[in-house]
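Have a look at the structure that comes next, please.
Letters A, B, C and D mark the chains as written, and numbering starts fresh at 1 in each.
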Amino acid sequence: MTFSIIRVARTVLHVTDLQASRDFYVNALGFIETEHDEEHIYLRGLEEHVHHSLLLKKADKPVVEVLGYKVEKEEHLTKLEALFQSQGLKTKWVEKGKQRAMGRALRVHDISGIPLEFFCEMETVERMLQRYDLYRGARIQRIDHVNCAVPDVQKAYDFYIDQLGFACSEYTATEDEKIWAAWLHRKPTVHDQAFMNGKGPKLHHFAYWLSEPMSLIHCCDVLASMGYADAIERGPGRHGLSNAFFLYLRDPDGHRIELYTGDYLTSDPDFKPIRWDLNDPRRQTFWGHKAPDSWFNETSTFIDIETGEEIAVHEPLLEQKKPEFII
Amino acid sequence: MTFSIIRVARTVLHVTDLQASRDFYVNALGFIETEHDEEHIYLRGLEEHVHHSLLLKKADKPVVEVLGYKVEKEEHLTKLEALFQSQGLKTKWVEKGKQRAMGRALRVHDISGIPLEFFCEMETVERMLQRYDLYRGARIQRIDHVNCAVPDVQKAYDFYIDQLGFACSEYTATEDEKIWAAWLHRKPTVHDQAFMNGKGPKLHHFAYWLSEPMSLIHCCDVLASMGYADAIERGPGRHGLSNAFFLYLRDPDGHRIELYTGDYLTSDPDFKPIRWDLNDPRRQTFWGHKAPDSWFNETSTFIDIETGEEIAVHEPLLEQKKPEFII
Amino acid sequence: MTFSIIRVARTVLHVTDLQASRDFYVNALGFIETEHDEEHIYLRGLEEHVHHSLLLKKADKPVVEVLGYKVEKEEHLTKLEALFQSQGLKTKWVEKGKQRAMGRALRVHDISGIPLEFFCEMETVERMLQRYDLYRGARIQRIDHVNCAVPDVQKAYDFYIDQLGFACSEYTATEDEKIWAAWLHRKPTVHDQAFMNGKGPKLHHFAYWLSEPMSLIHCCDVLASMGYADAIERGPGRHGLSNAFFLYLRDPDGHRIELYTGDYLTSDPDFKPIRWDLNDPRRQTFWGHKAPDSWFNETSTFIDIETGEEIAVHEPLLEQKKPEFII
Amino acid sequence: MTFSIIRVARTVLHVTDLQASRDFYVNALGFIETEHDEEHIYLRGLEEHVHHSLLLKKADKPVVEVLGYKVEKEEHLTKLEALFQSQGLKTKWVEKGKQRAMGRALRVHDISGIPLEFFCEMETVERMLQRYDLYRGARIQRIDHVNCAVPDVQKAYDFYIDQLGFACSEYTATEDEKIWAAWLHRKPTVHDQAFMNGKGPKLHHFAYWLSEPMSLIHCCDVLASMGYADAIERGPGRHGLSNAFFLYLRDPDGHRIELYTGDYLTSDPDFKPIRWDLNDPRRQTFWGHKAPDSWFNETSTFIDIETGEEIAVHEPLLEQKKPEFII
């Protein structure tokens, strides 16, 4: 490959009330607020030395503008443009200076229609890893991954593996060996990007990594103290898949964020992807309460990189199973 | 009062398969097995210096034989006999030597029909608190409390407070100030004995205290590793009541055990009982998934101290509310 | 006994800079500040429903004014006055209204000369146990104990056991069975009051209980982030004695506070005191670095309940051993 | 570069008593024993899917045979041979089948004389990550790094960066900007290989990563329970460098192992190495007791890849400072 994608690097969300979002993300979850203006809040985790990994934009509708990936070198952006154009996929440049703290960015739609953004440069800021006096809530460490519902997981899988250079760490297969869901990575963790069979393209959740499990429990306590007990949609529990100790929360606009710890290093090139049977009950829930229906049925909408219109969704190719078997 | 009850001290359960129970309590939860014979297993927590706090007896039916309380002095047993007899309640002596490791015991039925046992003397054994190499599973520390469903909580409350010298730490009241549930203690923790409005008398659960919350999470992982994921009935979560970080498990016979940490000291005599409104959603679940129906509907049966027959149960006096409001 | 002491209840310290003390106790350690005026700061732990358990008074010299104990009933104060007077020990009343939030208090010097205070009544305040959003630093829960150096431990031991009704949980004995140190309690934990052989009477430290060990580690991190790394005098480590997971800190005036978790319930009246040999290396340090010399040699000075003068100290009766064997 | 080193992959130690080593590594620390014969024990962490990452060989003297690195492709071994030969450094092939579970390996001496081994292939085994019932002691997860004392850190730094393709995450500089110590990585953590100024080449320690800090504390308790309290040489504490929450242990032969958690992701190519001043007290000890002299003065000896003789050591180029400033 002539380019190298480093890792998932940011999520850009539209939210309807910036102060409500700040209360949730900063005061309850413990994100660090790098800066804000009247229309934006820029957030990062304690370990992150970059300007932000979560951008909240004031808007009328709570949609997902784009998922951002960092590339190794500036010239890789041009290579990526050529790739997407060669596949007949929409591309668009956002010049440096147009986005706060960012170098120029290439926005595209991927093979499933998901709006992606590639960039190489982001301003750096003070890393707060050793400012333990600022640790609050879940002690958010760093962005970990995004998880999208798409109608054709095999197509998405092939595109990310063959065209973009991702590797697969784990996947779920149906009885006839169709890929139901897949965990794909560039950085050597279990994933940067997950896909699962469902009406899409839609964002199921974005996730932040925690450095130890007690932060997740303490976050539940803090949320309850602040009146956010209902924001806890699922968990705490552990997935068989990825070994994640997880908590799923819904933000004030309904966007879903996962707090996540417990996965493993995937740097060995001869690591064999772990296959999970769709009907293996340990796959989704190694232990823990069943996920509520909302966890299966509610997702965030993407918008078009050019028009800003909501992206049309399609029914999944594989038959939808009972909720407890979806992911 | 002319006697002093120290604390809840043991639970005597009938189980149908001793080896299955050992796998669950010893290998998965981490109880210390003091000794066993063909018909009994004697278990204790890491901190306990007494012979056992949980006695499992081989039997055809999984019932609860008796709940045991330790008293300060041997002569208090005679005072208790007089008290129960004066109230027309059944009493029975079990002489020293009849029960392994125990001095003589007074068995009675309390005002609700619950079979209780009072004793002063139990053999002591090595305390394993500093044998960290033996810590397993939930790192069970010590017996904490028992929780019973009774048809008339006010009657049980009055008997334990006025006749037995318990104090109330927290309680749940209906809109018209009827006591729906009550947490009563002799040792200065939140409870030794809880009562809640329900068909009874029945044992809802017995509970063990853990010294820190990560043991509870690790126990979930161990249970899942060993094929016991379905034994987790409810939790992890936190009750508003007692501030307990909790996990409810069903043993192989369906008896319910709670793992519990996070409560507080109640030694101050001027500590005011905390009142919870039956309709306060934080009361039962400060945060966490809703309890499943089984948690509300399934309880363990007591047997008569003389006949061994199952004790008749009665419908509760107060109207039963929606499951999520029961305790 | 005609009175009942409930538990150690407060420490009154003189400090030279209230703002420096607030930075340390509130901002770094996570005490809750109930209130303050120009000369006082009133502090409590998250679990405490009383006005304060630590009172800092602005003064020229950092001394210890008094150690406070709560009694069960108001009339017990008179009984205690009679007891101390019968032993020829100084007593003094501080009437209600003279001390913020307190009922009347009896101040005395105990048999070793330590200034004690007994009181029954203190105003109650909101308990912050479930205000997890306010948890900071070490998440201080509640006062646990005080530890004093005295020249004659046997004399102090006899007085507290025989005259004041304390029980002994653990003790250190020399080769010829002299009591070197003793852990005494009224509330059913390992101690309210410890004594050890040394030049005294002096306060070695006062201690607060934490609900789990990670709070202690996080506190170390917070202290270091705020420039207080040097305040850590000893630990983290574990004592064999009491099974305490401990951290010893020196406040800005040099007063020593211990953060403490891991002990056990001592409510059983037939609990046998645990004897430790002075030469058992596990006694003081089950594991952990050796204590520095300062931990052995530096203590806080008490003042006279009437004159406010520093109390004279005496050399210990038992021969002082190498520092690593002192406690 | 025409080859790609993936990560540090194993340490091969000579030990004098295999059973003593097993007691320490398996029973106390919680390593998984993959297999053994009369002369070897093969150990791995809970997360590792490879045959072993620690090989203990029975021998008369406790030395270090080799430090092993995994490469991406088999043909990279030949490229590495050419590189080392071009620099006049000794090389030697160990054919497949000569070492249990391993493909062919290239052994070399690096620029400082350290015996290294490169290999691509190792047999895979069951990963125990979700066998929580087997978690013991420190819950050892995976090999993290090795740390060597060398006389000329700048030379080692240049060789690993320029010739082997490592990146630097953090380093210590003297007042005149000489590199005193350096943390170098191939996998995107803080390090695979650290160098520090000292008499060498010698192995200071090898390190394993833990998934959360309580495992480290529990390991201290287990060690003390089993009579290994004296094996704890330094810690628990936190380094400023790498943000590591650390514990240093000496195995029965005196080899030093570090248990380690708390570092961060280093995958961003524009991550700027963090510079620490040699005189910054936070660098080595963010908080914690001072390291004992042994930690500075005692290291393990390497042997020659051909002769098996101990490798000669040289005095460091930079002036040795007071012990508390060495790393």
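Everything that follows uses one rule, which is that contacts are C-beta pairs under 8 Å (C-beta built on N, C-alpha and C of every residue); 3 or more make two chains touch, one makes a residue touch a chain.
Since the structure is predicted, the reported quantities are computational estimates derived from the model, not experimental observations.
Set side by side, the interfaces B-D and A-D show unequal numbers of C-beta pairs in contact, with more at A-D.
Comparing the CA-atom centres of all chains against that of chain C, the greatest distance is found for A. Averaged C-alpha coordinates give centres for chain A and chain D that are 34 Å from one another. Mean C-alpha position of chain A lies 44 Å from that of chain B. Once the centre of each chain is set as its mean CA position, chain B and chain D turn out to be 50 Å apart. Residue positions of chain D with contacts to 2 or more other chains are 130, 212-214, 221, 224, 286. Residue ranges on chain C touching chain A, taken from their complex, read 27-28, 130-135, 212, 214, 218, 221-222, 224-226. Those residues of chain D whose C-beta lies close enough to touch chain C in the complex are 213-214, 217, 220-221, 223-224, 229, 232, 234, 236-238, 245, 281-282, 285-289.
Listing the residues of chain C that touch chain B in their complex gives 6-7, 47, 49-50, 70, 72-73, 121, 124, 129-130, 141-142, 187-188, 211-214, 240, 243, 261-262, 264-265, 267-272, 286.
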